[in-house]
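So, here come the structures, one by one.
Paired with chain B in one complex and with chain C in the other, chain A is shared by the two complexes that follow.
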Partner chain A sequence: MKKYLFNRILTLIPTLLIVATIGYLLIYMAPGDPAAVMLGEEADVTEVIRLRTEMGLDRPIYVQLGRWFARIARGDLGYSFFLQRTVTQAILDRLEVTMLLTAYSMIIAIILGVTIGIIAAVKHNTIVDQLMMGIALLGVSMPSFWLGINFILLFALGARWFPAAGYVDIADGLFMHIRSLTLPSLTLGFISAAPIARMTRSSMLQVLNQDYIRTARAKGLIEFSVIISHAFRNAMIPTITMVGMTVGSLISGAIVTETVFALPGVGRLVIQSIGRRDYPTVQGVLIFIAFIYVLVNLLVDILYLYLDPRVKYL
Partner chain B sequence: MTNNQKNQEVAPNFFRDFVVGGFKLMGRSRMMSIGFVLVLSMTILALLAPFISPYDPLEINPMRRLQSPSREHIMGTDEVGRDVFSRVLWGARISLLTGALVVVFSNIFGIIIGLVSGYYDKVDKVIMRLMDGLMAFPIMLLAIAMMAALGARLSNVIIALSIVFAPRVARVVRGVVLTVRESAYVEAAIVVGAPSWKIIFIHILPNCLDPIIVQSSFMFAQAVLAEAALSFLGAGIPPWLPSWGNIMTGGRLYISVAPWMTIYPGIAIIICVLGLNLFGDGLRDLADPRLRGVI
Partner chain C sequence: MEKTRKFLIFALVLVMLSVLTIGIERVFAQEEPKFGGTLRVAVIGNPPTLDVMRTTASITLNTMWHIYENLFTHNAEYVPIPHLVSDYTISDDALVYTFQLREGVSFHNGKIMTSEDVVASIERFMRLATWGRNLAEVTESFEADGPQTVVLTLTEPVAIVPLFFTATAAGIMPKEVIEEAGEGDLKQFIGTGPFKFHSFEPDRHIIFRRFEDYAALPGEPDGYGGNKTAYIDELRYIPVPDTAVRIAGVQTGDYHFGEWIAPDEYERLRDIPGIETRIIQPSGWTTAVFNKQEGLMANKLMRQAILAGLDMEPIMRAAYGHPDFWRLDSGVLFLEQAMHSSAGSQYYNQNDPDRARELAQQAGYNGEPIRWVTTTEYPAYYNTALVSAYQLEQAGFNIDLQVVDWATVVQKRADPAEYDLFSTAFGIPWDPVLFLGFSPTWPGWYVSEEKDALVAALRRESDFDKRMEIWDELQYMFWDDVPMIKYGDYFLLHIHREEAKGYAGMATTFYWNVWIDN
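Entry: the complex of A and B
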């Protein structure tokens, strides 16, 4: 197992290098000279040339890439002239909102998804099953921002239970904090619950047909305990894969959701930075999120080893 | 099991199954027929938009701004007095066209990359690492970054989303190629000296069509959603073109006074994407009967 872990971590290196390269080249391709864009339209030509040299833009592309890798390795994602601070600092300032939003949404997605999935599987081929799967299907077919806007319309502008936009820090009161993130988390959670529900249902259906479930019922266990401790425990592994895969869509969704609810998170930072052509920030966030995403996938893989003793990866 | 039977299992004749069995299955699978009808009707509405839309989708009429749904404007009007219903109809053209072209391009790139990568061991590792790298970015983030680099234009939305989806097609195709490559009839083709391109296109490619067709309908659905989200974030189709995402972006600012501007295009997206997903589920059952009723 140690050998597997070691190899798995080794394969991260080329992936991360490619991610960093793609991140660099994407912005490199952007129209306009990065140095000129940074200094604004009224910048002096000599100024631009000086900044180009400073940024190493006059060097061959492989030298630029080499420097870029070295900088990332030191945790230096560049400097944003617009924000007047390092990109790393800008991301860290806004990370809390995004992480909490993602975490709350994930909790909601897991609770909703697993419950819907189990109910649908237990009531297989009944109207309840169809209803549950209908809800799940609606969840994968709905634009998250549309759901968010409707939540705002119903619960913020209509019922006035929650604020329509903005974020309250935990330090300013837990209740207000939760209240400010309720609608965004519900939006993102509901959308992400759908694939988890579908996966839970299908893996539960496979497990429920097995002999040991019949045995558990035959020895007189109550149905609840058969379903939760016998069936669901074994059906959990595909569900966890799905939860791991959901992280990517949660991050994608967070970008959109933060924009809908005007939350000061990393996702909104990207959108705002694109608007003001603050390319170092766009690049930095791109690399940062992709690295996080790669690491989460690694964690999910490692989690398997503990959850499923059959997976040995010799 | 003889080799012959084995090959039949690897290579189901999708088109025959589809033509003969497709309509039969649609008769049996209510969900798939509902999906088919939804997608078909959306397509027909999109095609007929120039004939059935009551107003010009770009016609500005300040006298009639922000009117709630009425007999003249069944979905109301927007902030400059354009008819929302006409815009939703025309929006269907742009959104569906974007989705369809993304499916076409990501399939072309994905299939070529997958075939080459699966067939030629030497390049496999390099290509797949590159694909892993592309897939390491969350879909929306990569699409947004690419739009930032390329600029907000309809063609760029299609390019960006195709680049995002192509690695996913490539991975599926490569998986099929790796299994099919080992089968007896491919070995036989190599032995009799068939050129590589012939083996790849005539013997291997047809086996990939099953999963590709199934995946295409889901990809179509995701592309429609992604286009809407990109336009909503202002990194998509230019604002003056009526796409479903764009209509909603405009509506967002007027949500408290004119919710119809946001609600109706959203419903159009849901109908279209729901139809595609239902259809995709049905197709998957058709391609793999073992999964019927399970997933």
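Entry: the complex of A and C
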């Protein structure tokens, strides 16, 4: 187990290096000039050239890449001229919003997805099954910006239950904080619930046909106990895998959701930084997201051990 | 009986008077400004930097000018008036300007403004800002002459000296703050304005708070100048990129103001109780700038051909929709400005494809692709380019419309090998001398000795009639040379809640003198 963990952690290094290099080259190759964006509409060409030099953008790509890797090795993600702070600080400033949004969305996605999946499996081939899978299909098909705008129309503008946009810190009151993140979390959670529901349904269907389920029923156990304690527990492994993969889609979904709801999170930081070609920030956030993604998948692998005693890592 | 009648009349009069008194009280109560509260303003995005001298981005200038003040500013008719200057004199040869500064004006750090601060600020302005460098070209010296006097000595007469000092980039800040910044960005944001800077959290907010020791001018407000009062305790700019969310936020009361609202929403919004719509007229004009340095459009006949083929009305309708938000006009300066000119208007909105073909033939055009760089980030830029491309293709031109993001537009437009036209827009050109489109170093590169001579003459001449003569000649040249295509004037839409009072609705938005009537 320890050896496995050590090897997995070791594989993080080349993974992040590959992400960092490809990310750097992609953003570098994309046209666009951060100096011209920063100086504004009326800047003339000489001013732009001066600022490019000041930002170190006039140097050859291998020099810039080399310096960047040297900084990364020291744990320094660089400095953003736009944000007037280090990239690490910029990410930390926004981490609370994104982590909480992702966590709330994940809770909604799991509750919604698992419930829909179980009901659909238990009511297999009935109108309830079709209805549940219809809801899941709707979740997969709807773009998050469209769903978000509609939630705003319905629950902020119509019912006036929630604010249309913006974020309230936990420190400013838990109720207002939850209120500010409800609509974004519902948007993201509903969309992420769909794949979990579909995976839960299919794995539950496989398990429900097993002999031990028939045995459990023959023992006279109540149906709820059969489904939850016997069937669902064994159907959880693929669902957990899907939940782990959903973290990736939640982070990418947060990019759009944070923009729609004007939340100051890491996702919106990426969009803003790409728009103004804030190279250090884009690269820094890219590495950060890759790190989180790889880490969550490692945690999922470890979780298998506790869920299924048959799983052994050598 | 008579007594009863008299009593009833007396009672009726009393009731009517009471009602009238209450009514009058209410009317006055509504108009009486109130102190307090946080004003929340939803804006389109974040400023790229907070240093007003290091950028021309309007989001920076329009927010940060709440903390800075200038030697001069504009009145309600957009004419420069003294602000931090109490008085000034001009020498007979018009080369020496002596400015007396207002006494007892305090910076946000408690320091009293002196001539040293003004000299340091204006020197930085002349080193870093576009307008400042323009002024530096004709400045021999800008020096302190005692603690409350500064003297500007010019190398030649300049008619628009006060106008230069109205630029937000010419805001006055403490000398120590400028020294601390060195050649880099400002590290502290300290001015003399009615609000002081509190904090900037990108993507979250910029917060300004009332400056309690603000040295307000006595009297009434006058445009951007005169008496300024910060009624609100806190001014909070909140970046909300999505226009639909800005609107919804104002409707729900999350924000008091929503800036830059899509004109398509105008009809719906003006019927919503509690929401007020404000059309900001004028705001700017939309354009496509030719690359005059190299390629197809270096040929003047080709530029004239493109201009001849365009019908501006459908172009502006596609870009701005509702007719209250645009108008057709050939003036480089707006109709609302004293120096508006119609010279060269015969070349505007020709809608003559035959003439376009003829001119293109004379230019030797053989259907080569015309590279037009535009962006959907600003829908008006894209829509003007799209409709223009369609019209020009009908006239036989081969348009290669390159749709990219704004960061790519600003990169490409700096390289003359990359494009033939690019889409953009100008704000209010305060004077022809300061009109960006005449700059030989700005992308598009309008290089012309004749034009430069007229701009220089205009800069020297102070007599209005003589200036107009020169300006008519220069604007005619503008339409004949066609350095760019002017499509038409556009107006912005801002919305606010009805409890936000005292909003002036001028070209550049400000929130001093605004109060919340809760």
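The rule is short, and it goes like this: the second predicted complex is superposed on the first by the 271 of 314 C-alpha atoms of A that agree within 3 Å, B and C clash if a C-alpha of one lies under 4 Å from a C-alpha of the other, contacts with A are read in each partner's own complex, and residues count from 1 in each chain.
Note that a residue touches a chain if its C-beta (ideal position, glycine included) is under 8 Å from a C-beta of that chain, and two chains touch if they have at least 3 such contacts.
Everything numeric in this text was worked out from a predicted model, so none of it was measured.
Chemist: Let me test your reading of the model: by the given contact rule, A:249 touches which partner, first (chain B), second (chain C), both or neither?
Modeler: The first partner, chain B, only.
Chemist: Contact-wise, after the overlay, does A:144 reach chain B, chain C, both or neither (first, second, both, neither)?
Modeler: After superposition on chain A, A:144 lies in contact with chain B alone.
Chemist: Identify the partner contact of A:14: answer first if only chain B is touched, second if only chain C is, both if each is, neither if none is.
Modeler: A:14 contacts chain B only, not chain C.
Chemist: Just to be sure I read the superposition right, which of the two partners does A:44 touch: chain B = first, chain C = second, or both, or neither?
Modeler: So A:44 only meets chain C here.
Chemist: After superposition on the shared chain, which partner residues are touched by A:152: those of chain B (first), chain C (second), both, or neither?
Modeler: both
Chemist: In the superposed arrangement, which partner chain does A:198 touch: chain B (first), chain C (second), both, or neither?
Modeler: Touch status of A:198: first partner only.
Chemist: Using the superposition on chain A as set up above, list the residues of chain A that contact both chain B and chain C.
Modeler: Shared contact residues on chain A: 30-31, 149, 152-153, 157, 259-260, 275.
Chemist: Write out the stretch or stretches of chain B touching chain A in their complex.
Modeler: 129-130, 132-134, 136-142, 144-151, 221, 225, 228-229, 232-235, 245, 248, 252, 255-256, 259, 262-263, 266, 269-270, 273-274, 277-278, 293-295
Chemist: With touch defined as at the start, can you tell me which chain C residues reach chain A in the complex?
Modeler: Spelled out, the residues of chain C in touch with chain A are 42, 45-46, 48-50, 54-58, 60, 130, 185, 201-204, 238-242, 244-245, 248-249, 251-252, 254, 377, 404-408, 410-412, 414, 424, 436, 439, 441-443.
Chemist: Quick one: which bits of chain A touch chain C in the complex? Just the residue numbers, please.
Modeler: Interface residues on the chain A side: 30-34, 36-48, 81-84, 90, 93-94, 149, 152-153, 156-157, 160, 163-167, 259-262, 264-265, 268-269, 272, 275-277.
Chemist: Name, in rising order, each residue of chain A that touches chain B in their complex.
Modeler: Residues of chain A touching chain B: 14-15, 18-19, 21-23, 26-27, 29-31, 125, 137-138, 140-146, 149-150, 152-153, 157, 198, 202, 205-206, 248-249, 251-253, 255-256, 259-260, 270-271, 274-275, 279, 282, 286, 289-290, 293-294.
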